[in-house]
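Okay, handing you the structure first.
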């Protein structure tokens, strides 16, 4: 078995089409100048740089791309989109890939997703986000105890973190909860991971 | 002895339905538009019965706006492409037709057309075929109007010329009187009740129509007087200065019959080639434009002279009567209100004063 | 008519997917077709001979060839039918190869389509009329717009060939961009040293009339007979008297005049000669900075001029030249790179253009060839070159490659090392485009011998680090990593665009220009020097990005075109032009208003105003025909009836 | 003049100082902020990172509430909320997407929403620089600021409509109106690391350090921000950044509303300056404001 | 040769020789497979494509028409495609008013090198036409029998009878200028008191015949071109003056040759409604005007006709009661706001779908006798005796009396009026069978207004008509996306 990439066999045309449709971008316009990588503030935390993600998507190397860490570390700051000489909304492609990976349960950086869910769970419950709740949930999920423990004393001292969540009154929290409920039900119906 | 029948207003649709069994019945129909017009169209059941004077006379029934005189098909043999076979079909097609409720002036138009198409040296087979299958039911007018002048030119609101049946409205319905054998046969074939008893009312109505008319001037001298003015360009210029050279007069005239002949198609396709006869308009400069480009009548005054002379001078010299039935459509339709009556009267007067 | 139809098999190119025999069978049934044939290769000599024979044998007076595109062989077959005695316009083509056999998969449908295309061609041909060309005289003189290296080459070649040349240059000196360069790649010769002698030749050639500091005001006429108005801009110095001694400039008190020749890297005086080797070597007053002209008091130069050449009251003047051909050689400008806000948008003094760098390197430049940082005058240690700034960038509407930046960047990096041996250069590039003779070798040398670091990737941003250096945020796509370099000086290889005023000139010359403003050649491959206006030729970068040798070559090519045209005493027009049916014309002038060539004029015919086509000017677009409501203006060979015959063959 | 106002969750928790100072400054400018009743979280980054339609639904619920208010404009101080609300409004213009989002809501959303814009733009639209200058009671001429917008405020340009996405200058014009010296800060739209402080601390630390380092090198008195998350990363997490860069910054990070508030003469207390982790005392001293002690201390 | 039955549809392409035809060649050379429906007609330039070729194709059985030219700025003839763009865009927006789906016609730009794009374009256009199916044909349409009544738009100003107009001053003014003029065109009493006829005043006695008032419906400008090169005077209403302006713009009369006499107009009567109101009558006994009403007595019966109810629709929407300019203006020009009302004829069509429009026209146009009163009454129909409608060379039309021929003429007239029609309505007024053909001209005028900066014909003799000029970047024309 050779571990040389056979780009002919690995090419997934359906994947290319799916990325293009969902992001509204045309992958073949990328000419690999690397400007996205050059400007990406999160690049140092990536396993593959943005231009390599773009290249992988261009070639239809679905697994390579969807399994990358990079798509989870993208900050959605739009610097790449802004400076792309070919007007490609690279950030939209990164987000599209992230959505696709999530729906297919190919989450290579679980902690990021866990953080998101922790955040969204507080929103689902109360209608608004709640920092302490988010952090507590995140700690439970990620089994990381007090990642930001160094900040806590200062934050608490400055009363930056309310101990009680704010519940949106007059049925507002319930309405938000129903949004989440319907979202989850629809995802189930459509057979994708919510 | 002519047949006289009576029909109530309500009975008209049944009468028309009966006529429609054997013939195409052309009856007036009001066309919806910002400026309503009345057109003759094939009558179908459930259509309302309209008795208004039509905007367009039923001339089309014998002289269509455009007809194929013949259709030709060409074909070639692949073995010898130089050899072209020609197949020509010049059958004169005619559908039995009844015109219902035209006016006496419209019916007189047919009488005008008959002379050149049927009575001259050459009989027009297409016209003849249609004319022979045509019956005309005319409704007499109950009054004159601002533009019509049938009584100036030998006709009148109840004139029977050109009609096969004359129909007159009385208070409770219509009396139909056959004028010709065709008319008699047509009425005999219906189950309309006898109308002899109502005939005095008809005569009264007809008389009333005549009395409503403004008295006509004497234009008997028109043929010779107009001929006398033939070379007086200034006269024609005066009367043609506002003319736009359109066909709103001639195309709506029950007695104009000038036509143009053109060929369309090379005959090789499925539609074949057509030799078309279409109405022509003597007021248009194209009327006499020759193939060379030369045109003896570039000036509209000279074209106006042609139209007036033909109707009131040349035609009468050939056939005895004016080729104008006084329907007045040319006056009412003219976008600039040219009045043929003025021209004829002026011609009579001017030529008289010359003497 | 007696029409012959030739259905070409083109080997199997057509016959492979079209049943040619069936098409011929069908064609036999079309009106006026008396003969059909199915040659294997109609364009080959036997095919052409057979066609000539058939024309004679079957007394054909019209021919349809169904084969390849008319853009390929229409001219060929027109000559064939002409040899057989027919008028060349009694010929039509049906394109059943490019438009049928090569693009349709199904033989049935292809055959049907081919037959129908033949039917259209026959329908059109039946309406064709023989057309003949007209002849006219030629003024054997050429006007060249632009005195850069391309224009200079054209001028010298034409002049040497005995053709009188009018050379018009907008600046006060000829030489163009090349005169500003320090060295040229790949030989690293001195630019001024190789261009200088040619400039002197221009000045001395008896066949060349030079109008420097002049612009083209208006062009009228047509090939062989152009009339060009030239606006000679006011120099405020009588050049008849000026000896170029330079005293005026020495004495001028207005010392802070921006120096355009030095790309604003330095200053000059309000009255000056742009550079020592200028041709003509004459002084010009910059009216916006001259104290006498702006404030009304000074007059120093007039006082010191030994020949009394200064004339503050001078006005623009217009001269008219009659010529037979025009060569446009108007060159280029750098695009406005300050749209790149991420590179500072022009706010950082040490982020400069390549042309500015060229002046900093040049010994005739503002620093006398001493390489320093504009901000503090220090010698830069780390110099970063950024390529493709304003090239290959769709996001700012400039997708095209500027063609020569790769090479001059390598040259500048090499020169940097030569000037400052301790320095280190970095080049951010996307692709190295070095296809010329010795070019790739040169870039290799830059890397191997001069230690220039080439980094494959675009630069996302440049910003000052607050400590005197600039952070260049780039990426190395080969390494697959973002990279950052702290630079002392950043040189941007700024993309080029057509010189300012190019579009206006294009409209005067009635030629087209592309999205970037470069003049359009007549055919991208086969007519790179011609334009669509007969008698107007192109040389140099005004037609598209190219380097010096290519510009020189095109300059010579344009000269050759001019001389080929002037080799004939009379010219023939293309008879596929418009004509006016005078009877139908009502003199409304709509055709005159919209004719792109000014080829229709009003004419009084027996007291009536009518339109008349100037046959030598009409190019045959047919706009007048589709404009004329009464169908009086008709385009020969594409008359309403001819196109209607085609429409009617398809739609009935 | 009344403005519908969407504060966003941060201003209710970690960034109450932003909220306080925003309300104070707006009141001073004659802008009456009418908080949306029963507003909910916009979903922030997690929602759109998980699913665009979920994110849109959360935002649209708020937009729908706003549509029922009288105001033509909806203001929000938080760029992240702004971005989400604007993206959602844009998404709703597509009938297909609208239908999918409506499916998630209790009731279909209104067909048109009020325009959403930032408090900063709202201020600039409400009064011009001259009028703002006329309301200052205390010149900030002693202070030099680095304006920092973060990455979201101006991008994507066609949605955010915040001027040049590479070089927004609105904050400069407000601060200059208060006579402050505002430097051209090259990293004004660089990313601070956003919400990755929790799951990937090294990211925010490194990115914030870069910004803090440049500001320090440029010798400014403070960084002025417009985003709660940026402020948290640059201020509360400053020690983390210092650790990553192995240096000490001690760089105060103010909300622009706090800076404007100082110029309008509000007390540090009113502006919530005590909430800052890196004390703003140094600034107050330069301004000669007596209440230096109120600005909190380490 | 028919299309492949059931397989192909009739698609006609007009391609410029230099770019688009080349792109089709390039696609061929690249063996870029395409549907076989398209038949290409090669023309020198997209500017050569008279929009009428497209109308003719679509009326005669084409299911789709594609025009392709060089990209803007790349035209071999510099500007042909710029003109084409304007004309084809006008056409594109005109087709639907006839009931023809504008998706059946497309124009685009493509260069000789864009073979692949050509392939995509042919494929997508052919797919589009197949999705639309065979084009419905006018001759097969079931005529729409009943036309919904057209609501009168509110009047933009108070209408009146013009009773107090200074007619005597006008007569005096004309008499003063008459010695220098060949004649002065105006109106006189027609064959009865409710009709007027054109008047050509040559001697002072003629001037006495001049009338002014609501019966002056005809547009005298129609006679002006005949007097080209002669000194002539003309009395105009505001609307008539716009026609004069257009004739000046087209150099069909010279400003120095024409003397314009003008009075402010308070509206003219819609004669067809007057006729309906009066019914069949023999004699007009009396016509009296008060300020707002005309009182007509015929055959002893009195009819009151308030101007507000009986004025022409164009008068209700009129924004120019007084001449655009005049040599002898009498009276003040009232300021009228530009009405935004869609004329009722057009509003009626706007409310219909394409099928209904096709049925509508097929029902209306059958009445046409091709008398050409519409054309000859049109002051802008300057071709006069050389109209292409009855010419054999060029031969656009046959003499056949079918729906397509009749409608094609109306399309010719409308398209030839693009940017020139002032909406005087003479075409419709002249039509003896009342076909509401004005709507077609109104659609053209509306399109021109929309596309070219609210351009309205007949206000500025120095204006360059929009169809005879172009912008390199058109503000209101966006070339369509190909999807």
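Think of it as A, B, C, D and E in the order they're written, each chain with its own count starting at 1.
The rule we apply is simple: contacts are C-beta pairs under 8 Å (C-beta built on N, C-alpha and C of every residue); 3 or more make two chains touch, one makes a residue touch a chain.
Everything numeric in this text was worked out from a predicted model, so none of it was measured.
Peer 1: What shortest step count links subunit D and subunit E in the network of chain contacts?
Peer 2: The fewest steps needed to get from subunit D to subunit E is 2.
Peer 1: Touching both subunit A and subunit C, which chains are there?
Peer 2: Output, common partners of subunit A and subunit C: D.
Peer 1: Comparing chain centres built from Cα atoms against the global Cα centre, which chain wins on proximity?
Peer 2: Smallest centre-to-centre distance to the global C-alpha mean: chain E.
Peer 1: Count the touching C-beta pairs: is B-C or B-E ahead?
Peer 2: B-E
Peer 1: So what's the Cα centroid distance for subunit A and subunit B, whole Å?
Peer 2: Centre-to-centre distance between subunit A and subunit B: 85 Å.
Peer 1: How many Å are there between the centre of subunit C and the centre of subunit E, using C-alpha atoms for each centre?
Peer 2: Chain centroid spacing, subunit C to subunit E, equals 43 Å.
Peer 1: Roughly how far is subunit A from subunit D, going centre to centre by Cα mean, in whole Å?
Peer 2: Each chain reduced to its C-alpha mean, subunit A and subunit D end up 23 Å apart.
Peer 1: Just how far, in Å, is the C-alpha centre of subunit D from the one of subunit B?
Peer 2: Chain centres of subunit B and subunit D, defined by C-alpha means, are spaced 87 Å apart.
Peer 1: Which residues does subunit C have that touch at least 2 chains other than itself?
Peer 2: In subunit C, the residues touching two or more other chains are 342, 461, 583, 652.
Peer 1: Check each residue of subunit A and list the ones that touch at least two other chains.
Peer 2: 44, 79
Peer 1: Indicate the residues of subunit D shared as contacts by at least two other chains.
Peer 2: Residues 166 of subunit D touch two or more partner chains.
Peer 1: Name the touching chain pairs, would you?
Peer 2: A-C, A-D, B-C, B-E, C-D, C-E
Peer 1: Please output the residues of subunit C touching subunit B within their complex, sorted ascending.
Peer 2: 25, 28-31, 33-36, 583, 652
Peer 1: Residue numbers of subunit C touching subunit E in their complex, please.
Peer 2: 26, 69-72, 95, 97-100, 102-106, 108-110, 112-113, 115-117, 119-120, 507, 510-515, 520, 524, 532-533, 576, 583-584, 586-590, 593-594, 596-597, 607, 609, 619-623, 625-627, 629-632, 634-635, 638-641, 643-644, 646-648, 650-652
Peer 1: Can you tell me which positions in subunit E touch subunit C when the two form their complex?
Peer 2: Within the complex, subunit E contacts subunit C at residues 1, 3-4, 7-8, 10, 12, 17-18, 21-22, 24-25, 27-29, 31-34, 36, 39-45, 47-51, 53, 56-57, 60-62, 71, 73-80, 83, 87, 112-113, 119, 225, 229, 250-252, 382-384, 386-388, 391, 393-396, 416, 464-465, 468-469.
Peer 1: Quick one: which bits of subunit C touch subunit A in the complex? Just the residue numbers, please.
Peer 2: 342, 388, 392-396, 430, 456-461, 473-477, 480-483
Peer 1: Which stretch or stretches of subunit D touch subunit C in the complex?
Peer 2: 164, 166-167, 184, 186-187, 214, 217-219
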